[in-house]
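Each in structure tokens, the structures are laid out below.
Presented sequentially are two complexes of chain A, the first with chain B as partner and the second with chain C.
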Partner chain A sequence: MNDNVKNQVHEPLIRVRKRYTMRWYKSWAVRVAAVILALLICALVIVLLTGYNPIDVYKAMIEGNFGNARKMWNTFQELAFLLCISLAVTPAFKMRFWNIGAEGQTLIGGLASAACMIYLADKLPLPVYYLVIIAASILAGMIWSLIPAFFKAKFNTNETLFTLMMNYVAMQLVSFCIVYWENPKDSNTVGVINRKTHAGWLPTIADNKYLLNILIVAALTVAMFVYLKYSKHGYEISVVGESENTAKYIGINVKKVIIRTMALSGALCGIAGLLLVAGTDHTINTTTVGGMGFTAIMVSWLAKFNPIVMTLTSFILVFLDRGASEIATRFKLNESMSDMLTGIILFFIIGCEFFINYKINVRKSRKEEK
Partner chain B sequence: MNSVPAIELKNITKTFGRIVANKNVHLSVNKGEILSVLGENGSGKTTLMNMISGIYYPDEGEIFIDGKEVVIRSPKDAYEHKIGMIHQHFKLVDVFSATENIILGLEDEKKYDLKAAKKKVKEIGDRYGFIIDPDKKIYEMSVSEKQTVEIIRVLYRGADILILDEPTAVLTPQETGRLFEVLRNMKKDGKSIIIITHKLHEVLEISDRVSVLRKGEYIGTLITAETNESELTEMMVGKKISLNISRDEPKNPTDRLFVSGINCVSREGVPLLSDVSFTVKSGEIFGIAGIAGSGQRELLESIAGLQKVNAGRIDYIDPNTGEKENLCDKTPMQIREMGVRLSFVPEDRLGMGLVGNMSIIDNMLLRSYRKGKSVFLKRKEPKNLADEIIKQLEVVTPSANTPVRRLSGGNVQKVLVGREIASSPTVLMAAYPVRGLDINSSYLIYNLLNEQKQRGVAVMFVGEDLDVLLELCDRILVLCGGKVSGIVDARSATKEEIGLLMTKVSKDEGADNER
Partner chain C sequence: MKKVLSIILVLALVLSATLIFAGCENTKTESETNVETDVKGGDDKGGEENNGEENTEAADDFKIGFIFLHDENSTYDKNFMDAATAAKEALGLSDDQVIFKANIPETAECYEAAADLVDAGCDIVFADSFGHEDFMIQAAEEFPDVVFAHATGTKAHTEDLPNFYNAFASIYEGRFLVGVAAGLKLNEMIENGVITADQAKIGYVGAYPYAEVKSGYTSFFLGARYVCPSATMEVKFTNSWFDIAAEKETANALIADGCVLMSQHADSEGAPKACEEAGVPDVSYNLDTREWGPNTALISSKINWQPYFEHLVNCVKEGKEIEQDYCYGLAEGSVEILGLNDDVAAAGTAEKLEEVKAQFIAGTLHVFDTDTFTVGGEKLEEYMADVDSDEAFTPDTQVISDGYFHESEFRSAPYFDIDIDGITIK
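Moving on to the complex of A and B:
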């Protein structure tokens, strides 16, 4: 009789419980395990769908990133851009201000540099000319971020929609300017600005056109880390982000912090735009930023807003992206295949956080208990 | 006992991470019986009840209903076993009427028939002596009316076992009396009732038996008629403690804070405070009583510069110069810059007074980070302060770097009060500073407030437990609907008097004060 009753009652099969804490080495073990598991699953997918040797595919991914000096510099270059925009969005996100307008803020910064490069060449002494280009880019990015910040602080508008919309405005402005600056005629592109004179092009260090960008971003990374962790401003950003009520209670001027932080965020986007246009591409089009303004959000969140960890997360994303396009060309696979692999790997990397934060209890058999 | 208990729990254990919320708990309730589950805050009462009502699932142990073992996986399962829980925080839709809320979410085969439902609601009301208007919208209701709706909702679903989580916490003494009347009627009707509470006199008044929990452990069950307050306290707390709070006469009190005729309205234009006037003196504890939401929070926030004041004055008298300074329309920052040392322990500790995700040290920084011209933070002084508070107030924490949200309620409060006292205030405001704290922590807080009083600080204390207010304070201001309904001398006033003022049944304000 008793057994009969017990057969009817069931404890739920799986229950999820919040974990208290996990030692750092354990949580990193989980993360590493997740990556290994992701690679195994990817290997399975590769074998089943294409028949290629997964080791060859992985090798191609690594070679796509570090195969030769040029590829390696390109990887670091992309890493630097992505990291720069991620640094820009981080203070805003830490303040819980959902700035998804980094794309537009960067683009408008680039547009400002392009405009200065075109219109002011030969009109100003060289040092002033450079200063104006730099100042204009930063200012343009700042204005683009201050508009939504002002409305948020003053009227509590929704910053997510506002910053998103500003992206499209920036894109349309660039489209308009492309028509205006078209060179050569009917090409529908701006072409290389100041191709002959190189006026307004940022200098190269030791004949390496990537090194300057990389060094600037490295300096910004350290600066941002210090700013967020050790400065009074950084502390205010954390307090406002964690609890606006506490901020008010303690006498922090929340509006001021929102505006100041967004100005910083926009200024950094402006710098990213400057590096893209005046430092590297020497031209501009609507896809100059290429979605990095959105990828940056992921970089920032994955690193939990820690600028030093962000170098790692942006590296992972750049590595996957470049590796994916390498295998697409080398194995004549279409892009969807490599996107699938990227997707699987990201799924595991992000998904493993669940196991770090929660514990899963599976039903024990009753006999075992007794 | 010849009959089978309506519900019986055996060896229930539940853990959350490292915290053991319940350990080997036994409990049984017969038909037509009222059982009190007594325990301090954090003793695991609510967790236990949540397991009966299907919100949590026990790690170990069995639940029997009418002698049969059952598994309750969800609130729906609980209803099927005729178990209904009335939570401390009501779960009602504001814009719906009482009846609509009662039948909300019911899945019968029958079609939606509001008329029949209304009739049934009335029937239930008449049977047990509820006073209810089935058509009244929730937003028009008082707290006790809302509670009535919650109880009827459970009865409507045919519950035979009712669990009430701290049902009297939000009620006036008069409303509590009415609730108990209804509960007795339900008991006569054969219902089984479990009341969770930490108020001893209520236990003695209403229940047939008492089960006591302490720190998640089951201590025992007593028959109410055979026990008394001190025995229950001992079971609840573990050791005999004296329940007396010391109260000295204020030493040379001088006026510190004049509040005259302040008015506040909410963003929707609803008056929050109307024409509130009083004076707080140095060296006294000035209590503020009232039903929850009578304007206590707004009053303190007006003084702290967090609530816009539409009319009236708040004058602070500087103890050194004797000069008057108006605090109205000043931001908290400006008040600080004027040299007013105002400390405020807000009701919402983790949402306002502290930042939950920050360490104890960084929370100490909140008050002091602006000091100095440097753009960088100095964490040395706050670290020393954090260590000192941990040591002096016996804060239980792994380290000063632990995020405060990981600490238990009492320790969180010690951190907050410790920080607020550290700036040697001249005015100290504390809103519900012992809410959710166990008895030992509560007394520590009372002692800290008393210490401040002896130092000549003007202490303002918003409390909900009238017994404590009467023992601790020198004077008590009673708020009712945003108005001052009376200021009484705490040494001579009675609980009933304050209860009446809280609901403003008093015809002649102040006339009873002499008694």
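Moving on to the complex of A and C:
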């Protein structure tokens, strides 16, 4: 008996093994299956908890996104905002720099646009005025990302904590500025900036409020794809991400890459802030970014840092979010119900990546082994 | 050994799973009752749709849409939601005719929500939060055929759009009344020897030093002093509309500072609970807080939006003109006194309140009577208020005449922002 045990390596019942190859169609089949499964579970939850017909609920989700032209434009605009911030965090994450400060970087970019819109209205010639607003937003986002990047490169500080804390600093700064800009006095709201003159508002294309945002982000997406895939910078980012030592060995200046990449990250967040404040909201408060800086991280990771795939992943998230609020409105359900559905769907979408990346081996019976 | 351990673990898992499911069972019974009502709602819906098909011409395709800043977990928004639901029932509207959009932030999303409600066929769109106003105006300009109404806003009379309206209530009269109840309580405490007359200090937890808050606490104080001349008041701000911890802390600080009676204008349970712990009588706002403070909650005042919603719907249905600034009060039921706690209030409070209320309705008593307060030791003869909101906050309107400050008459939202003697602000 004892000898037997010694000779045999004990094999656990379940063993997880990394998968290196899975055909693309297979992996997509897994993903589609996961979504279908998620929808079935959601249907069950809907029936059990509310008694509504799940088909109606799903229909409401689709109509909430594409019910009419306005909703469709709005969906694409929301997609553009989320995608823009996701594009911003992508190079940093590809470099394995855990930038969870996109929320603050975007907010501070928006704050800079708001400040310029308020203080410089009617003081500069129009083209200069716009240039200053754009430059200030980008610069502000950049500064907000360069501070943690500098400390990471110089003193190897923990960038996760640092970027996270910077979010709260940005929020406090916004609260502080609201005190100076509030209108009317002591109301704690800024109101729409330059509502009468529209000074500093980004122009609309062909009378369409949404198009400009969408076009800018579409261009950025393509640019980011090319940058990451075909430029020397993009290559350096992947090498630093895979192994810092390899990067050092082949003569890449790691510190420089970190700082340069974070500057780019912050600049894109600044643009997102600009589009939000000067392009759409024309006001600023602490909820202007509304958590998109964190959702963007999920978008980026789910797409494995591919900007083109990110359009799809950000679409899924925007679709779920807008669909969820439509359900809440139409069926008079609390938002919590739609949050539950979103949670279930995301759980499956993220969970299925495990089965794509890992294979599960169950111990075969001993007889078979022999 | 390992086997034993794994068996124990499995058992523990099964047990916890059973417990969880048992827990679900409980909640299920709750949700089942919900299902019943929901299903009923669904039936109603079907019924209404059929009716609509039967008489298409006279079809009641009227719809009203509501935009709320938060959901029912905020006492502020819940007050609007309850009123909207009550109005819906009173007017006999179906589920399809009333649309709620909750959790709409004060950004362009508010405009999108308003536009969406218009697309859904709403004849009236109502928004409940101050910061929604500019986006409501934007929507009002774009959709001239739809009525846009907004609570607490200030711009209807300056924008002068044919389809944008502000609304509020003369809540300062309600505040005065609960102030009277507070003053009677102070008198009782003085008579019983609990405090001396010059110890009659009231504490007040305010949100922001905003006119709405200032008008609220000043009228409350004047109400208290109406019956208890030696009363003084100390105000502290939390700089947030909803912050449970800060409100509780502020209340405790005021109590520690010698305040023997408390009141607040902020939306959480923080202050009422602090008062219950300290055993200090508390006058609340917007809801009956007897549940949180059975031994200390004295009385509350609130704005009841139901009369306004009903008025709005009736005006639109009958094609009548709507007031650009709607501000009614005690007589119309827009201002309500609630939660009078007989265990806490002084004897005869209810009778006294009825008497004062009747004077308000008759117009013989004014909250901001300039004979009853001084500013910097002097009687206020005139005051220019910033009624027309502009960026420089220029005072533009003479609001004192006939011996009193005319609150909420030149626009619905309050504009009394004077610091009067007797109130210290910290």
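Definition applied: the second predicted complex is superposed on the first by the 344 of 370 C-alpha atoms of A that agree within 3 Å, B and C clash if a C-alpha of one lies under 4 Å from a C-alpha of the other, contacts with A are read in each partner's own complex, and residues count from 1 in each chain.
Basically, a residue touches a chain if its C-beta (ideal position, glycine included) is under 8 Å from a C-beta of that chain, and two chains touch if they have at least 3 such contacts.
Computed from a predicted structure; not experimentally measured.
Chemist: Go through the superposed model and pick first if A:334 touches only chain B, second if only chain C, both, or neither.
Modeler: Second partner only, chain C.
Chemist: Could you look at A:156 and tell me whether it touches chain B, chain C, both or neither (first, second, both, neither)?
Modeler: neither
Chemist: Thinking of the overlay built on chain A, is A:189 touched by chain B (first), by chain C (second), by both, or by neither?
Modeler: After superposing on A, A:189 lies in contact with chain C but is clear of chain B.
Chemist: In the superposed arrangement, does A:50 touch chain B (first), chain C (second), both or neither?
Modeler: second
Chemist: Taking the contacts chain A makes with chain B in one complex and with chain C in the other, which residues are shared?
Modeler: Of chain A, no residue contacts chain B in one complex and chain C in the other.
Chemist: What residues on chain B touch chain A, complex-wise?
Modeler: 16-19, 57, 60, 68-71, 73, 304-306, 331-333, 335-336, 344, 346, 348, 350-358, 362, 365-367, 369-370, 374-377
Chemist: So in the complex, which bits of chain A are touching chain C?
Modeler: 48-52, 67-68, 70-71, 74, 183-189, 191-192, 195, 280-283, 285, 287-288, 290, 325, 328-329, 332, 334-335
Chemist: In their complex, what parts of chain C are in touch with chain A?
Modeler: Residues of chain C touching chain A: 28, 31, 34-35, 38-39, 41, 71-72, 95, 99-103, 105-108, 112, 115-116, 119, 130-131, 133-135, 137-138, 154, 208-211, 239, 386, 389, 391, 393, 417.
Chemist: Given the complex with chain B, which residues does chain A contribute to the contact?
Modeler: Where chain A meets chain B, its residues are 5-6, 9-12, 15, 17-21, 230-233, 235, 238-239, 242-243, 245-246, 248-253, 369.
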